[in-house]
């Protein structure tokens, strides 16, 4: 590795082309991360192009990965819809010389060069449990509204939350996990079903931005408002309405713009040969400062940030 | 015929009551809480409106697969209108969306009627096209609750005398269309057109106008459903209504509208929509995991068509028997039954 | 009496299939000239890999649509077979045995559709919308939140590997073989003639001694089995058995078949047209993606192509149609 | 009257369908208060002319006048509005609508707020049926109506239009004698009320009975118009064909051989009962009876299209599996069904495909069809039967009825059958082709084929059959030898509870 930490020393970034491949288009979370990617690319003089399927499924992502390989782009920044299903395509892209950076949702480590992690899974799980425990007074029934049943990151967080619940929160019972497929309507209807089947439910944790907004929308208009707490991971714009009307007390999220920014910086560093993605490599990520590659090729953005009534007005994404 | 049809709709209504009854027995809140009662009425409202429109199209022996895409486009349009002109009266926005839906339906209808090409193919094409237009227009943009007026979002959940506003909208649409189909010349001609399009042309019925009307109505109702979607869910992304076409067709079929046109009622279609969604909500309550929902819905659809076949068979047997026992005065007596043994009926529709 | 009203070259060229083939050739030439990266060897590799499942399923679908029926449950059978293949492998069954069992299950799924359509006489459009939900529900229900992965390398590689140094994946051979089988079946066997006759008049076919019900059953079984085969391919290609694999693919398949000139009313269609239709969608998608065109525009292009492919011949023949006054033609 | 403009006047009307000139020069003058017969061979252009008058087709050239005023209908609705009612050759009813709705479709009586007045509509239907002397339930769906009843609904519809011109395109083809008489009474009533009626039929006896004027058409052109009383049926036939018809029933004598088809105790609940008979090689057996007696059903069951509850069918000593037409074909059975376009032919297929549609299984080598084998077979057989078509790849739908029937016969003869069942082999076929078909059947029988002929035309049965089986209410009422088979005897056996005189009249009809 050439990890001398000098992103500006590489000089090869101005002709780097980067393809940004989110889970799906039409998702404001990824819109924010792509904005960050664009920002980084502008600073670096690289070009970034966002492509993606209209529904979040791995088979729909593969043709875009193939296309990136055909075009011979310098780097591919992707949020994986499945840890293995897109692996082959990624490997082919890498063998065609494209550097692969996953962000937001990882593949198995052998398929990519780097994973830019928004927050450590433990950090995310802990934060959400903290929030919900706080909001329901430390005891009662809670449920989880997840994205799709196969989403890697969701499942990892849920597993950690279950562990932590068992050890640290004996009075909180997780009664059901449902899947809203990151679809507004499905998530909305699943929330309704949750409240229906668990009349004593005290809180809903939704570790996905689509889910938490749908859950908040449902709860805000039902008699569960004020009785059932909604928290999880959401974006300020989607949640503003529900924080203001009191449905939601507080929720968490890292800054997706920063995440896209960091992933693009890392991708550019890889593509220009500044780093190789080995553990211990360091690179300069513009306004975010210097980052070090950790074990398994992971780069950690930081801890999730808690949004509530007091600070939500400061954000617009 | 009336009686049999009535029995068909009564059957679905009964199934619906059984589902509600059983689920309520397991979990009283399903019906007997304020939220349960509201959701029971509110959840199917959008699908009911779509199913009524689809039923009219199917009655003419066509199908409109683009309704999900039309819903997505008009729901997004609704949001954009509010963003562009926050002071626009809700009614105006709704009318614009309905008109847009009618226009999209009219495009389908015009291609089908004038080029004389199958609706299944055309609307499969416009399913992609309309969705593509929404995606292009919206990109990653999304309409959030904060983008739309509170009063509008309120319509999505408000109740009048214990009945949600959207449910009232669905009921009004249902009654109006049912009344039209039953009591007007145009309505009967829709049935005739679906029953035998060639004969309709030979009779000089305004087949094209009827087809255009049916598709435009279907589109307009999909547009209305788009407005309802925006009001109810509060967020609209470019994926709104994705894949809904098969659910709507499923509801129509469950409701006893023959897929080959000419028979069935919009009331049946509406009941079919209610049954599908209520079962969806009931399953988790009675302890069947989420994942198996679709399987149950599939069994329901197949069961409904099979039931229709049984009823139709029984009806033709009855008609045949009537001819045998009570021969018309002029036809020479004879006990040769019509070519309507079970074998024949199957061939006719296979 | 003359055997043919038109000389052979007119009969060969003035067909609906030729139109699709022509458009395919033009699209290919234009893409090679204009789209950067399209003429590379990877294009062919990815094209074949991408269209393989749709192409596979389109073959039996062609025969089904030619009889005037339709099978919308195919993508759900892909999902179900993917799940059973994965589960059986996980349970320790050999891969060949798992493959065979999955294909058998697909055949059973097809047989259920076929029995309901042919023997119970239910409309296939409605039946297969029902079984679309049913089979997908079973697939998702069986596997729940999990996905089965970790299939042996030789198998997963086999699904994507190229033939030696050529740009053609190994599976090309299998695809060509199946295309040939279905082309012969439809165009050069008495069975294929029966299929066409059923599409044009199932009553007349029955009076000619065609066992209409059995023929339909066979077609649906074929459709189920081939879809299941596509499901296994899908699983191996992505190395992941999931209940939601290939969601929505049924409409792609139908679109490709219709683009290939098969009449949705039945009685008309040819395998070569369908192959061209499938490839056309693949080429358009590939070229547009390379141009950085987003999925929405690709949707619009495919949708428009479908509508135009049906409407254009009508407009071209519009004068004739108007003069013949179709209203009276069918009476 | 002669000074007033005729109700309908057509002059030099032409209509082509692509290359087919269906109508070259249609000329017809119909006076008010008259019933005008229009006769001609199949494909003479009668229906095409009717469709132009009814607004279904638009003419390419010529003049159409109603009461002296030129008209050019853009659609059937305009024709209706102008007082033209047409009963088309193929009744087109809407199976899902009730009989009443079928009759009043598009013209429903309206009540308050332009809503349909269902009671008035039902009363209207009742009145019409009373006038026609039929007893149909106005509220039953049209689905499942017999062809005869469908035709009656069409007639009721046409009458209810209260039109000044009523055109009936072969309305009697499916009607029983009683119904025909009722229809004639209605037609005469209309005539006496000063309306004009056009009547198309291949049955010249009906023409003589009902009409006052007759127009003959041939090859899409007008041939002659005369008072009915002035022309003999023979003369009409000569004009229709344009040549003298050789003998209509050229019966070739032959000696019956082995039993080729044996039917024993065939039973189908509600359809036919205890049907037993034999057909020997070289023999033509006629199956006579009233429409609806169940003859077609017997043939369908024997062939395996329909299932039966009891009994046995043996062909050439081999017992057939019930409900399996393929097995019947393999044993040497062939059925020319009664509905040519729906059952006999795949009309959207070419002549080649139709002729080879059964025999092609035998043409396959290792399951694959040898190129051209089908075309060779088709060329051979269409040549032998003198099928007239532009080319062998012409679609069957473009051919005239008679040629279509020859294609159906060719398709079955190509299988080399031992037993040929023909159901209404000459229904709706012109006299020239009819004679050809008869000669063919006769020759085939003489060559050793066993023929079972179902026909509602008594002269045909009597002229062709060696033996006649009379079916009444699903049972074989009597078997008559050629010598015993007089019209009276057949009709007496066929008509349930008929008096002698009744039977005699119907037999003559």
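A, B, C and D label the chains in the order they appear, each numbered from 1.
Note that a residue touches a chain if its C-beta (ideal position, glycine included) is under 8 Å from a C-beta of that chain, and two chains touch if they have at least 3 such contacts.
The structure displayed is predicted, hence computed values, not measured ones.
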Identity of the chain that, by mean CA position, is farthest from chain B: D
Chain A and chain D: spacing of chain centres that average the CA atoms, whole Å: 74
Intercentroid distance (Cα basis), chain B paired with chain A, Å: 38
Chain C and chain D: spacing of chain centres that average the CA atoms, whole Å: 43
Overlap residues in chain B, where contacts from two or more other chains coincide: 131, 135, 198, 201-202, 238, 258, 291
Multi-chain contact sites of chain A, meaning residues that touch two or more partners: 25, 54-55, 149, 179
Touching two or more other chains - residues of chain C: 140, 144, 203, 206, 243, 248, 294-296, 299, 327-328, 331
Pairs of chains satisfying the touch condition: A-B, A-C, B-C, B-D, C-D
In the complex with chain B, residue positions of chain D that touch it: 55-56, 75-80, 88, 92-98, 101, 105-106, 108, 110, 114-116, 133-137, 139-141, 143-144, 146, 148-149, 176, 178-179, 182, 270-272, 290-294, 297, 306-307, 323, 472-474, 495-496
Sites on chain C touched by chain A in the complex: 36-38, 40, 42-43, 46, 49-50, 140, 144-147, 149-150, 156, 160, 234, 237-240, 242-248, 285-286, 289-290, 292, 294-296, 299
Residues of chain B touching chain C in the complex: 63, 65, 111, 115-118, 120-122, 124-136, 198, 201-202, 238, 243, 246, 249-250, 253, 258-260, 289, 291-302, 305-306, 309, 345-350
Residue ranges of chain D in contact with chain C within the complex: 16-18, 51, 56-58, 88-90, 92, 305, 324-326, 328-329, 335, 337, 342-349, 352-353, 357-358, 360-361, 363-364, 367-369, 375, 379, 382-383, 387, 389-394, 411
Parts of chain A lying in touch with chain B, wherever the complex brings them together: 24-28, 30-31, 34, 54-55, 149, 176, 178-179, 183-185, 188-190, 192-193, 195-197, 199, 213-214, 217, 221-224, 237-238, 240-242
